[in-house]
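First the structure, which I've put down as structure tokens, then a few questions once you've had a look.
By letter and in written order, the chains are A, B, C and D; residue numbering begins at 1 in each of them.
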């Protein structure tokens, strides 16, 4: 039994954005366990008002530097839904491929550069450059490939240039795609090695039952658009996302919080996997089972493993998709866009969970109202409750301050939060 | 941070110190910092050139003893202005990293509105603290700017190499069209699309036009940019002032020009 | 000069012969403008069907193959206080240029004068220029072409063979023995009297089609006299100082040199970048003094160099009248208009 | 197949020192040279002594007074500098360099023994032979003394070939005077040395004002015969040589007998990059030394 504990992490590192962890235990009683978000808000939802539709994807991509592709695609989808534009098969494939590579890039960044140092007991990936150069080189190799494919399809790995409402400004050269396919095949091996690496880590054993929200696949593991679903049995259409997110304000955070059937819910790789396990590529499913990860898993630290599983999934699926693209004859990259009044919602599964963009347009295609719900803001409440539970549990077990601090940090990192994005 | 690959300790016999660098962010998408880690192919060389002592996004250790501070993001709250002043005091060289730091970036789009309205639009009646979004130079002296949204890694590498060996850093003074032609792109205007290439400072290697997307001026104006003519061209090519302003004001680099158009002074 | 004729259907055979073992560059379609007009470019090609011999003019001139926009001039390996310099003139295997218009051939002839013929020849240019084979092709004047005014509508030298379309066959002018040998593998038909007549008719028809003109009478003197004229200011106010005109000009050759240090500090590089005299720092020296600080002084210099300075040095203008600069200039600054205004003619 | 087009190796003959036009490689020749000494002259100017490393090359390297070389620091840049030492001695080259920008700032950090690249010599020179038997006025303002040092050395080495020799040298302040240690030596060679500064300091005993003031002073003591047989070399900022040359012209010294050295931006030194054009005249080929009549005829020269 532990009597006192004082954890105060100011500006948690190796996450995107600014957040603090505070845990205080007094006389064996949990006084406080808080996840505070102090990031400065940027007010995208306000300053988009009055802008024409074509500004939205270009500006909204800038909500986040890590998942700018996801934001851009969600924004484009919202505009297209508002205007009644249905993307062509070719556009859908290319977008998904682009999306997959962002997922891969982001997951690998998180697994190797942000999460792995905790397991290896170092403060950052930098010491590993010396002590485990092959590991770092492997991470760099996978990330480089993912980024190269993003360049090739989206024009730019960050804040993409080719993605526009109606399609693409230009298409990748098929010869490039061929090269990328070969590299993707190679990378599959590297992912297997990544799995071996993570198998050597001790994933903290912590459970707290919660609700998981994600898109629901319709035959495929879902990434862009479709129905919304929760492990507690809620199912809604994309348009009704607000009934899924129920945002509200709390005093400890500049980011909004969300809830659904319970006091909090989780989104992200683990949520997607819990809801769509059956749609995973068989290789990915195999990896998942090898970690004992099967739905519904309630250990938030397993989100790391879910990310690994998804990495395998997207690579496997991308190889197949490139084959299909190579077999097809490329048609016009871009459809003509006619603006009209209306509301459009775009739901996209970005690396950290489900992301919604929603715009209301007047008849000249100017934005009247804009709403973006970011995965990390949906996770904040869940992080808060996890943290409380964890502090209470570990206090009971009488763990050392340092351990609690580390586990608390690892817990927050496991969500791979993108705080600046949650306070957009 | 550990020493990495061996590196010559001098250039042309001039000793080269390994400067301590810090990456610090204010209000931003953190993309510019990420661009630096996005250099998989050259990351190791880059890390052998400098000693990273502060990089919240990537490492836990932090130190206030640094030579060069790369500050990303714009200032949107008093505590950020304070933080910036502290960084200025600690750093020998303060580098504004990216459009947000150089011009306010997309964040400054909110300055178009009354701040109270902005707060209410997003947070309703709850209290939220925010000020206008401003570039670093409104608060402290900036030694060097790295333009772009996002920054271009090749350019950062070049600038950092020059900083490290102590060679002067110069930005191209001509507009993006110059690079666009060198890349043999089809001019966006021939395709019927607007582009700010003729007035925007080059250095991005015409990133957007290379991808058949018109330039939005994220790097701010070229030296002596001919705004009046740019507006004439846009009009002649059938684009409205709104389209022009959308682009000019997107990243904050052309603020003076936008004000002039709104005031009817740019003809 | 020797003359032959070549049946149109035999042209692919000529292409096959030339492409055997050689790289081929020709006019291809690169895209379409908003009104549907094709945009042409000189590109390396691997299929005869991709060559569009009926092209109007390419946006970017052929100079990119002889004077790339960016070219590494030297690289260095640093060794403490010492270093090694490695120079490469970037010679590639020989290049066959299949389908170059007379203006572009003349442009190369003019470049030769400065870059090969002067006191200091330029090896980087020579390395490429000396390793090429040019098949010229006749053209149809476009609204912006004024090559005739500049005396560049026909090429007298600077090509290996030149084709003129006479309906079902080409009239071929042969200049080099290489060309002769290639052609001999396909045809050896002497032109008939009727071909000569037909050739002259085609040429006369072409001449009638020119709509843009530049009056070059006394131009060198006029440019000198009008050095302080107000019209320059008017054009200067329009100019964006963007450098596009120089980049698309087949004869603009000025450049800047940039040196850079490799990230690992053990290598360095010297790079040549094609520049433009319209760019703001073109004539700026250390300490910040700029000899041409205003855009109209730079624009004027460009005209002065092309239409006067070069004439003084080489007895001919540096402009071939291809009209590319005016076509590409977003500010709508065209040579015929500028010259007319300097001459005091209202356009 | 015999279809391959003949390949011309323009690199052939690259290593030949005395080239013909077709040995093109020689036109991109950089001598490796070593900095053998660095003398601090003023707060912003140093004298760099450099020696071409290859003994053969060193022996064969010749230049004329007024010509310049292009100095290269790998990775840093290239820039033109007048050779500021005697053209007849085959020893080290001396370059008097002001610290103003990217290349020069870096150069000032280099130590003895460092290698630099040298191209050249380029450009026209002062026609010293033409001046034999005449009076000479050598007039410099500020850094303009750098290009004058080669003709001064020529005069010293051939003192008997010239009549009256005056050096007039002016700077803004006494602290900016270059080569102060050589003044006595010049005087010893029967050269009239006049130093003037625009603004004196407490220790300054000499005259104060512009170089034109000295000119006026000495002209009152010279007769028309003097002016008929006088050449002038004027180096300094454009405003200065304009005033000086006009003064000389008032005394009926023909413009063809006055020489100035122009400064322009340069990237090649070989009449290619166009950066140094005045009007459309290449400063690197037709200059940097021009007679004043030619300068008057150049558009935008001054």
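Just so we're on the same page, contacts are C-beta pairs under 8 Å (C-beta built on N, C-alpha and C of every residue); 3 or more make two chains touch, one makes a residue touch a chain.
In this text, all values refer to a predicted model and were calculated from it rather than measured experimentally.
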Return the chain pair with more inter-chain C-beta contacts, choosing between B-C and C-D.
C-D
In whole angstrom, what separates the CA-based centres of subunit C and subunit D?
37
In whole angstrom, the CA-centroid distance of subunit A from subunit B equals 26
Please report how many Å separate the Cα centroid of subunit A from that of subunit C, as a whole number.
52
Going by the touch rule set out above, which residues of subunit D reach two or more other chains?
73-76, 101, 111, 113-115
Residues within subunit B bordering two or more other chains:
11-13, 167
Touching at least two other chains at once: which residues of subunit A meet that condition?
none
Which chain pairs here would you call touching?
A-B, B-C, B-D, C-D
In the complex with subunit A, residue positions of subunit B that touch it:
1-4, 25-35, 37-38, 40-41, 43-44, 47, 52, 55-62, 76-77, 80, 105-107, 109-110, 112-113, 117-119, 121-124, 126, 128, 130, 133, 149-150, 207-208, 210-213, 216, 242-243, 246, 250
Touch list for subunit B against partner subunit C, complex:
5, 7-8, 10-13, 16, 42, 45-46, 48-49, 157-158, 161-162, 164-165, 167, 173-175, 177-178, 181-184, 186-187, 189-192, 197-199, 222-226, 228-230, 232-233
Touching subunit D in the complex, subunit C uses residues 17-18, 20-22, 73-74, 76, 78, 81-83, 85, 87, 89, 91, 93-94, 96, 114-115, 118-124, 126-127, 130-133, 178, 182, 224, 227, 253-257, 259-262, 268-270, 275, 277, 282-287, 291-292, 297, 301, 304-305, 308-310, 312-313
For the subunit C and subunit B complex, residues of the former touching the latter
30-31, 33-34, 39, 41, 59-60, 64, 69-70, 78, 80-81, 83, 237-244, 247-248, 260-266, 273-274, 276, 279-281, 295, 328, 330-331
Subunit D partner, complex, touching residues on subunit B are 11-14, 166-168, 170
